[in-house]
Amino acid sequence: MRAMQLRGVLAPLPTPFDESGALDVKRLRTALPKWTASRVSGIVMLGTTGEAGLLSDAEAARVIEEARALVPRERTLIAGTARESTAHAVAAAKQAASLGADAVLVRTPCFFKGQMNGDAFERHYRAVADASPVPVLLYNFTAATGVNLQPDTVARLAEHPNIVGVKESGSDIAQIADLVAAAPAGFSVLAGSASTFHAALCAGVDGGILALAALIPDACVRLFDLVRSGQYEEGRALQRRMLPLARLISTGYGVPGLKAALALTGIDAGLPRAPLAQAPDAAVAALRSALHTFEDAFA
Amino acid sequence: MRAMQLRGVLAPLPTPFDESGALDVKRLRTALPKWTASRVSGIVMLGTTGEAGLLSDAEAARVIEEARALVPRERTLIAGTARESTAHAVAAAKQAASLGADAVLVRTPCFFKGQMNGDAFERHYRAVADASPVPVLLYNFTAATGVNLQPDTVARLAEHPNIVGVKESGSDIAQIADLVAAAPAGFSVLAGSASTFHAALCAGVDGGILALAALIPDACVRLFDLVRSGQYEEGRALQRRMLPLARLISTGYGVPGLKAALALTGIDAGLPRAPLAQAPDAAVAALRSALHTFEDAFA
Amino acid sequence: MRAMQLRGVLAPLPTPFDESGALDVKRLRTALPKWTASRVSGIVMLGTTGEAGLLSDAEAARVIEEARALVPRERTLIAGTARESTAHAVAAAKQAASLGADAVLVRTPCFFKGQMNGDAFERHYRAVADASPVPVLLYNFTAATGVNLQPDTVARLAEHPNIVGVKESGSDIAQIADLVAAAPAGFSVLAGSASTFHAALCAGVDGGILALAALIPDACVRLFDLVRSGQYEEGRALQRRMLPLARLISTGYGVPGLKAALALTGIDAGLPRAPLAQAPDAAVAALRSALHTFEDAFA
Amino acid sequence: MRAMQLRGVLAPLPTPFDESGALDVKRLRTALPKWTASRVSGIVMLGTTGEAGLLSDAEAARVIEEARALVPRERTLIAGTARESTAHAVAAAKQAASLGADAVLVRTPCFFKGQMNGDAFERHYRAVADASPVPVLLYNFTAATGVNLQPDTVARLAEHPNIVGVKESGSDIAQIADLVAAAPAGFSVLAGSASTFHAALCAGVDGGILALAALIPDACVRLFDLVRSGQYEEGRALQRRMLPLARLISTGYGVPGLKAALALTGIDAGLPRAPLAQAPDAAVAALRSALHTFEDAFA
């Protein structure tokens, strides 16, 4: 029996930084309850959306600690603990567990691309899963990493009792279908791309970890519910309305775009950390327009 | 009102060549009725699957002529008439129409990649559509051409009364969703990739022109029917069974693979033309195995 | 002993079309002597620069015929005879030879990318070389074709007595070095990219077939001479001066850019054929500026 | 006047790890003198070859400290201090300087690819260069990072008095030529790819930081000397002999390959750190064979 089954929509949250670039715990405390008030089934701290790669280990620990204090126990709290070295990833997983994370999200190491084949991924993930006190979620994000965690490698790793699922951020729907086909009972396949979430749901995924869910969580949950209850056409219509926002947040303006959009909706998620910069004025205008269009569609 | 509305599954057929590399009209005559006996709503001659780029204009004319004689009038017969030069594409469309094609499928020109932007595609397609006596179907196949016909260009071209639809062979489901969203009433969006057909149907396409439909036409039609009647789960299960064959025919062994697979099912579609070569023994073995697995699933 | 050894700079010429898109033999006759008056060691008709893919077989024949009448016998006249099918490529080579071409330049077939491996290229080129009455030059242009003729395949083909060299249009200098290393005595390796011509000469190529040589032939020849006489530094300085023009002609504005630039220098090479369009005003301005800068450097 | 001018060949050294994966200072102390006994003009610790991304900050500090104790003051000691966040990169540069590094090598941040444009790179590098007590060397390695530091951005950054050069690891010789053309007097352009070092030298670079220089340092220096003294042909012949080894170390087996090859030459550089694994037997055999071939050529 698997330790944990992940379903529905989880929101990966941004990490607030202040004007000097410091971690802004106060803003985090103020903003977090707005997300936990939504219908998302879980919260992910320190994913790509959380600018995880820009934080020190000590800052990462602080973020998890704060989040655990604010995320109710009945909601899943997942911490991103990707590191390039296996030993470092093991240590980060242990630390996250000790601070109260319910599970860890472990992105593929990627710098040594030529060596990051299936065998390397297997060694890395087995070592992390063997050592981690909490369940491990695999995480493939080829557009950012330049490496690809193949479905057959995922299938082999899915046999490990402490590996409970995979977040696949690509939009190759055939690869997603392969993951679904290869997943043993109870192993969760989660989509990571909001612009193809409807297609991924049609392909049978169990849910999604979507940056867009930090901005419009209930709409993302509604899309999940529609498809799960067989209302595919309505789901498709909702997906279409979400598409412009989804693109502005992902391939468009990224994390700075998300933070700017959140500000437009009244959530102060702080500034991005350098070398990221605040979204330019054109981005803010585009986001404002897309938000209005989206909300009007619901009015 | 649009001249033609395309729906359902159309089969792009291979062109038989004999052992000396000559066009084999006899084999074509023998094989064609087996396809027209299936439930596909139309037949495409001289697409990518038809090795169109390897035929002379005279041979292409012969193929259309023969097909028209054998494809019943109530089934749509589409002829691929892609050429790199606009004038040549216009001439090919006129000839195909004069030989009885119901519509023409016009792949993007692609050799001068740096210049093949939206403006170039618009000029090309408007010239062809202005001159063609029969409706024009746009055709985007980025994996083979290295150029991409963007949804916004398709949307502009869709206003032309003689452009009735688009075949999109890519598997980027967000681009397919954009095409569906941008399509005016009556404009057909057809998928070209069998391995993502279920996803494309969920995204709202009107049907598909699938190489796999030359091999297992009725299964492809059934997948279409399932989704159209709201049986998404059953459709997904069928898609999964079709996936191994779909891959062997597309990214795997291509047209030689399709011809070898057809031979295994008793349809003699002749040999590929050089520089294409017969599928190697390993391909035949893999295809035989995938065909058996597929058929067993239906038994 | 090899039938032919190619050295130095050859100019691939554009094919003039008139305002209606027809082949413009008159312009060709007027322009050709301006090129043959330059120091290039040969002329290539119907290469990529000649918009070969946009001409019919009959037009191609006419172009070769006209060129042969105007290119002195002591200059090499090469005709591009690439076709996707092997049989068609064989026929085109025979025709070109019968019309007086000294050699044929045969680009790799490329449409069926998945099948275009080394074996396919070997079959294709051996068939053409066996049948061609004149020597065959291999032609690899990955940026346009999406396929790559590998050095080891070239090495095998170089053993054929009627295959005399290769034009490599890529800028991967390690691949060019491999070709030079693998070339048997008398086999010519020619660069196809003007922006990396100096580097290719340093790597040991025998010369180049450069679109830029249609615009500034003597400068290209001078670069060749400088390196061949050991004046590497001077060659590098000349390469640097040529770079802006080289880029505008290649990755920038392509054949339309070359035709516009030629017009600026007083050579009327006609218009591009649709779907290519005349270079936009911005291109003409950029080309004029780059031409002035280049000429000033020589003044 | 610039603080430092880098010329010639620098060797980026591997970081030894022991069988348990721990930093192996003893092996580092034993091996370092073998490199400083060679003719390389400098040593780079904690570059890509040094598996920098797999070390903690504390381990990185230890490596610099040890190296400084062993690298004579008249040899340049450069420390890689790349970090994804600007603040972290600033801190790492300060620490490296305080430990005796003569300069820092700062790879582009790369994780947030969509946002890593010229402006982001400028902000990042200016902040590091403003704060670093020692000169800064830019570092572009597109194949590993997926982002490209363009020559025009480098040209703007070269105006900063504390930015003294760039290491360009790509093999696009036109981009290298652009860097050379854009470099102000005293700004060093260093190649990072051994398989195209001769071409880069012909294009005018000031030297190279080559993983291969950790294996065959004196041969790399000799190649530099040959080209600098105008012996281009001899340089080309030497480059050709180095090519097989260069490939096995770079695109072939990477850092594990380098460590295995060093072991074959009697230098114990320890094991790679997980998720990297020891080079497989086939790699060792290929490396042994390439080393023999290379040495025989010198015998």
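When the chains are written out, they are named A, B, C and D in that same order, and each has its own residue count from 1.
The definition used in the following text is that a contact is a pair of C-beta atoms (placed from the backbone, for glycine too) under 8 Å apart; a residue touches a chain by one contact, two chains touch by 3 or more.
The structure displayed is predicted, hence computed values, not measured ones.
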item: Other chains in touch with both chain B and chain C; value: none
item: Farthest chain (mean CA position) relative to chain B; value: D
item: CA centroid of chain A to CA centroid of chain C, Å; value: 50
item: Geometric centre distance via CA averages, chain D-chain A, whole Å; value: 35
item: Overall pattern in which the protein chains touch one another (line/ring/star/complete/other); value: ring
item: Contacting chain pairs - touch in the sense defined above; value: A-B, A-D, B-C, C-D
item: Touching residues (chain side chain B, partner chain A) in the complex; value: 171-174, 177-178, 181, 195-196, 198-199, 202-204, 230, 232, 236, 239-240, 243
item: Complex interface listing, chain C residues touching chain B; value: 21, 48, 53-56, 84-88, 109, 111-116, 119-121, 123-124, 127, 143-144, 146, 251-256, 273-277
